[in-house]
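The same chain A turns up in both complexes below, where it pairs with chain B and then with chain C.
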Partner chain A sequence: MFSNLLRDCQLALPELILSGAIILFLLARLFSTVRRLQIVVPAVIGVAIALGISIDSWSEIASRSQLAFGGLLRFDGFGLFTRIFLLLATMVTLLTGLMTGIPDREDSADYVTLLLGSTVGLMFLASSHHLLMLFLSAEMASLPAYALTGFFKGKRKGSEAALKYVVYGSAASGVMLYGISLVCAVTASASFSELQRVIYIDRDNLNLNGLIGAVLIFVGLGFKLAIVPFHFWGPDAFEGAPAEVAGFLSVASKGAALAITARFLLALVGPYSFENAYINMIVTGIVLGFTGTLTATFGNLMALKQTNLKRLLAYSTIAHAGIMLLAMIPLQNRAMAPILYYLIGYLPANLGIFAAIALIRNHMNSEAISTLAGLGTRSPAIAAALTFFLLSLLGLPPLVGFITKFQIFVSIYEMGALTGGLDLLKIISISVLVIAGLNTAIGAGYYLKLIKYMYLHESPPEAPKIPLHLGYQIFFAILVGTVVGLGIMIDPVTKLTRLAANSLEVIWK
Partner chain B sequence: MSVLDEILFAIVALGTGLGAVGVVFTRNIVRQAVCLLFTLIGISMLYFLLGAEFVGATQLIVYVGGTMVLVIFGVMLTARQEFVTIRATPVEWFTAGLLGLGLFTILAKTLPALESNASEKGQLPSTGPIGVAFLTKYLLPFEAISLHLLVVLIGAAYLARAKKRPSDLPKIPLEKEEK
Partner chain C sequence: MTLTSFLLIGAFLFICGLACISIRRNALGILMGVELILNAANLNFVACARYLPNFALEGQIFALIVIVLAAGEAAIALAIILNFYNNHNTVDVDRADELKG
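After this line comes the complex of A and B, so read on.
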């Protein structure tokens, strides 16, 4: 028992370090000298240690899947990849906060505690193998995020956004919990290993309870992913939250939610050898295709007419979530590899944009798109970095956004082309490809509009220059370098993502 | 199920249901809170009837004891005249009714079809086995919840605390209030 516990704790060491850091920062506030320090710096160090340990354990964990903590968590390459991604996102968010002065010293301990608490929840979420752990870690991740959304206490918009997020979030959690209890009642177990028996009892008999339960859980996950029609909290929460927090929500929360959705759906469909796998796959694929195309199209169309930068990015986040759902349609291990690639490409681009928005807000006191006017002449460095990030989100070669979109389209195409004879899959794959292609074109509309504002519009006469210290020039340079580098070093990254995705093999009891 | 069980269930279920109806149909917010209290007590009684003593006791302590006291205090402290009576517009009645009907359909459709797993296994585990499970098989969720509650507590304290802004600390650049 205890040797097992030791091994499990070793596997979850990064989470334990973050938890330890949270408690340490709490105790540190007992001393008046420490109380006045900016806690973000030690937090960055803590996250860096956890990150180092995660990367170090890659070769040991990545190639095999193991269940830990009595089957509640599952440690494999996919989970480890996502956890490294989450730690990186937290690190960049903390550094952005350090740069923009949100939080100040007085609030830094609270901010760090909430952010790290949310990260621990997200990391558990990404490795859940049990519905109980899924629910618990989703709550662990969400509740601090609600508080972070309202981090500007004096602001009416921030508080309103936080309240909306709490109310909708709790409702979604309730729905998910009801789904979980239905699924548990059907399978008499909450483990992911049993999920493939949920939708169909046998080849011909649909299990209505199980299906409703699975759909309700998907609704809960869909809320976390902000997919249409459960997206309405997204734009409001993003607009009210500080840009730093909004970046974290749009990258880290979404990444973990995508990972667990992938795990959940793969477990729901079951392994190929399973007799119902094919029919499960059709049912799930149709749901995914429908919600995915709806989400991507709606997000892109709404983004076109936004005037607030954060609202625009919220809709762009929604649209990207839609594309990710489409990427899951093949519902096989290897189809998840492009999603991982997408996630690490999305991280520097999106967090970079939010960091730039935070900087602009600090100097211009506004987050409207018009603040970008003339940025190319006022602050050429930030404008250039923003251009790279936006073009990557749009998917222009040689940036990373292109190669991820390309890999996703290829994997959807392969599903239709290689499964000879199955016409339904072919129709799904072609229609999905057409819609996804159209969406990329719509996306160009608003991403290019921002770039046009920066370079072709006159800057307003009183608009200030935005100074960028050397440290933050390096910060932006690294983010831009990542966006370009990941787009060029395709083979090594693809190898890593494939290895991680292959570890998703469904574990049987 | 014995006859006594059925009679008790009928009484408790009736009380719970009436409490729930009361929440919906009374206008005064304090009355609504009290009706909700009876509903929650009724639900804990249902747990006791099922033999799930631990869940029943938790329901009493957490919802009835903790949450309800909080709700009533919150209502009494914050209720100004305009918030004391709650009036729903026809649109709100309609959407809420639609949602309720949808939920009821799902419940009515799913619940009768489920086979009962519990009754075959006899007595549900009481506090002892649950406590052991918390420290063995379910150690991780138990500890995770502890950490989670700590984090949430800090978050709540942050939101409730007044912001002091001494001059030696850098000012937070706040966004301009729009409109």
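After this line comes the complex of A and C, so read on.
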């Protein structure tokens, strides 16, 4: 018993380290000597240690999936990949904060505590194997995120964004909890291992309670993902939140929500040979295909007419969430590999853009698209980096955005082509592919518009140059390097993501 | 009394909570609606714990954890609502209309 606990704690070591760091930073405020220190630097070190341990444990965990803490958490390659992704995202967010001076020394302890707290929640969320853990960690991730959105207390927009986020967010998690309670009433268990019994009583009879419960849980997850029609909080929260926080929300929080959605749906459908698997596949194909295409199309169309950079990126985030939802349609372990690749490619591009927005905001006090005008001549380095990031989001080869989109399209196509005789699946896969392709074209409209602003528009006469210290030149260079490098080193990354996705193989009990 | 009758009461509470969230325009009223939903779920959990032997322990732990979480959520939400009030002199969510598009 005790040795089990020790082993489980060892598996969850990165989370424990971050939790320890949070407690330390909270206590740090009590001592006058450390109160005025910039806490972000020790936080970066803490995250780096957790990251190192996670990467170090890769070979051990990826080869053998195991349940821990009495089946509450599940440690496998998929969870570990997401965990590394989350730690990287937190690291980049912290470094961005260091660069832009958000938070200042006075606030840094609060900011870091909230950010790390949210990260721990997201990490647990990505490894959940139990509905209680799902709810608990989703709340643990959301509550600090609400506070971070309204971090600057005097800002009208910030307070409004936080209000909308917290009201909608708590309503959505309430709905999710009610769904969980219905599911528990059916299965008399909250473990993911039992979820496949939820929807069907037997071959021909639907279980209405379980179905409603599963749908309500999906609604809660959909809210975290900001998919249409539960997207409305996203743009408002992003516009009101500081750009650094918005970047974290758009990358880390989306990534963990996607990971748990994948786990939840896979558990719901059950193993491939399960008698209802085909019916489930078609049903989820239609549900996912419909919400995914709707989300992607709506996000892209709305992004076209935005004038605020953060709001535009919020809609772009919604559109990307839609594409990743589409990638789940095949609902098999291997279909989750492109999603992981997509996430890891999305991280440097999107966080880089938000970092650039934060820098520009510091110097021009505005986040309108017009602040980009003439950036190509004023600050060529930032403009060049932004161009790389935007083209990667658009999906232009050889940047990472291209190969990830390509892999997703291939996996959807394969589902239609290889299922043999199931015409409905073919129709789903082809119509989804057509709409997703069209969406890429719509996306070009606003991504290229931003690039046009930077290089073809005259900069306003009083617009300042934006200085970039050496350290931050390196920071942006690394992000650009990642965007290019991940796009070129396709084979090794694909191997990793495949390994991670294969580890989703369900453990029964 | 069977499990079904408790689930029905839970469903009634849930619908009351949803109605409260969608009808009330006062941020505090909406928060109360959320609490109603959480309590509807909690009622389901303890009822399941009572009637389903396999779920006896899990259900009670679920309920306890949800109570703690509800308190934490209310604390954050009240702080944010207070901050909104300081900036806007109102807690009417319809007046939160500067961000749109």
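FYI, the second predicted complex is superposed on the first by the 509 of 509 C-alpha atoms of A that agree within 3 Å, B and C clash if a C-alpha of one lies under 4 Å from a C-alpha of the other, contacts with A are read in each partner's own complex, and residues count from 1 in each chain.
Quick note on the criterion: a residue touches a chain if its C-beta (ideal position, glycine included) is under 8 Å from a C-beta of that chain, and two chains touch if they have at least 3 such contacts.
Bear in mind that the values here come from a model prediction, so they are computed numbers and not experimental data.
> When the two structures are overlaid on chain A, which partner does A:Glu414 contact: first (chain B), second (chain C), both, or neither?
Once the two structures are laid over each other on A, A:Glu414 reaches no partner at all.
> For A:Leu143 in the superposed arrangement: first (chain B), second (chain C), both or neither?
Both partners, chain B and chain C.
> More chain A residues touched by chain B or by chain C?
Ranking chain B and chain C by residues of chain A touched puts B first.
> Have a look at where A:Glu505 lands relative to chain B and chain C in the superposition and call it first, second, both or neither.
neither
> Tell me the contact category for A:Lys157 with respect to chain B and chain C: first, second, both or neither.
A:Lys157: touches chain B and chain C.
> Classify the contacts of A:Leu114 with the two partner chains as first (chain B alone), second (chain C alone), both, or neither.
First partner only, chain B.
> Taking the contacts chain A makes with chain B in one complex and with chain C in the other, which residues are shared?
Looking at chain A, the two contact sets intersect at 132, 136, 139, 143, 146-147, 150, 153-157, 182, 185, 188, 209.
> Can you name the residues of chain C that touch chain A in the complex?
Result: residues 3, 7, 10, 14, 17-18, 21, 27, 30-31, 33-34, 37-38, 40-42, 44-45, 47-48, 52-55, 58-59, 61-62, 65-66, 69, 72-73, 76-77, 79-81, 83-84, 86-88, 93, 96, 98-101 of chain C touch chain A.
> Note which residues of chain A are touching chain C in the complex, please.
Chain A reaches chain C through residues 132, 135-136, 139, 143, 146-147, 150, 153-157, 159-164, 166-167, 170-171, 173-175, 177-178, 180-182, 184-185, 188-190, 209, 235-236, 239-240, 305-308, 311.
> Could you please specify the touching residues of chain A with respect to chain B in the complex?
Residues 1, 5, 8, 19, 22-23, 26, 69-70, 72-73, 100-107, 110, 113-114, 117-118, 120-121, 124, 132-133, 136-137, 139-140, 143-144, 146-148, 150, 152-157, 182, 185-186, 188, 208-209, 212-213, 361-362, 365-367.
> Would you tell me which residues of chain B are touching chain A in their complex?
106, 109-110, 113-114, 117, 136-141, 144-145, 147-148, 150-152, 154-159, 163-166, 169-178
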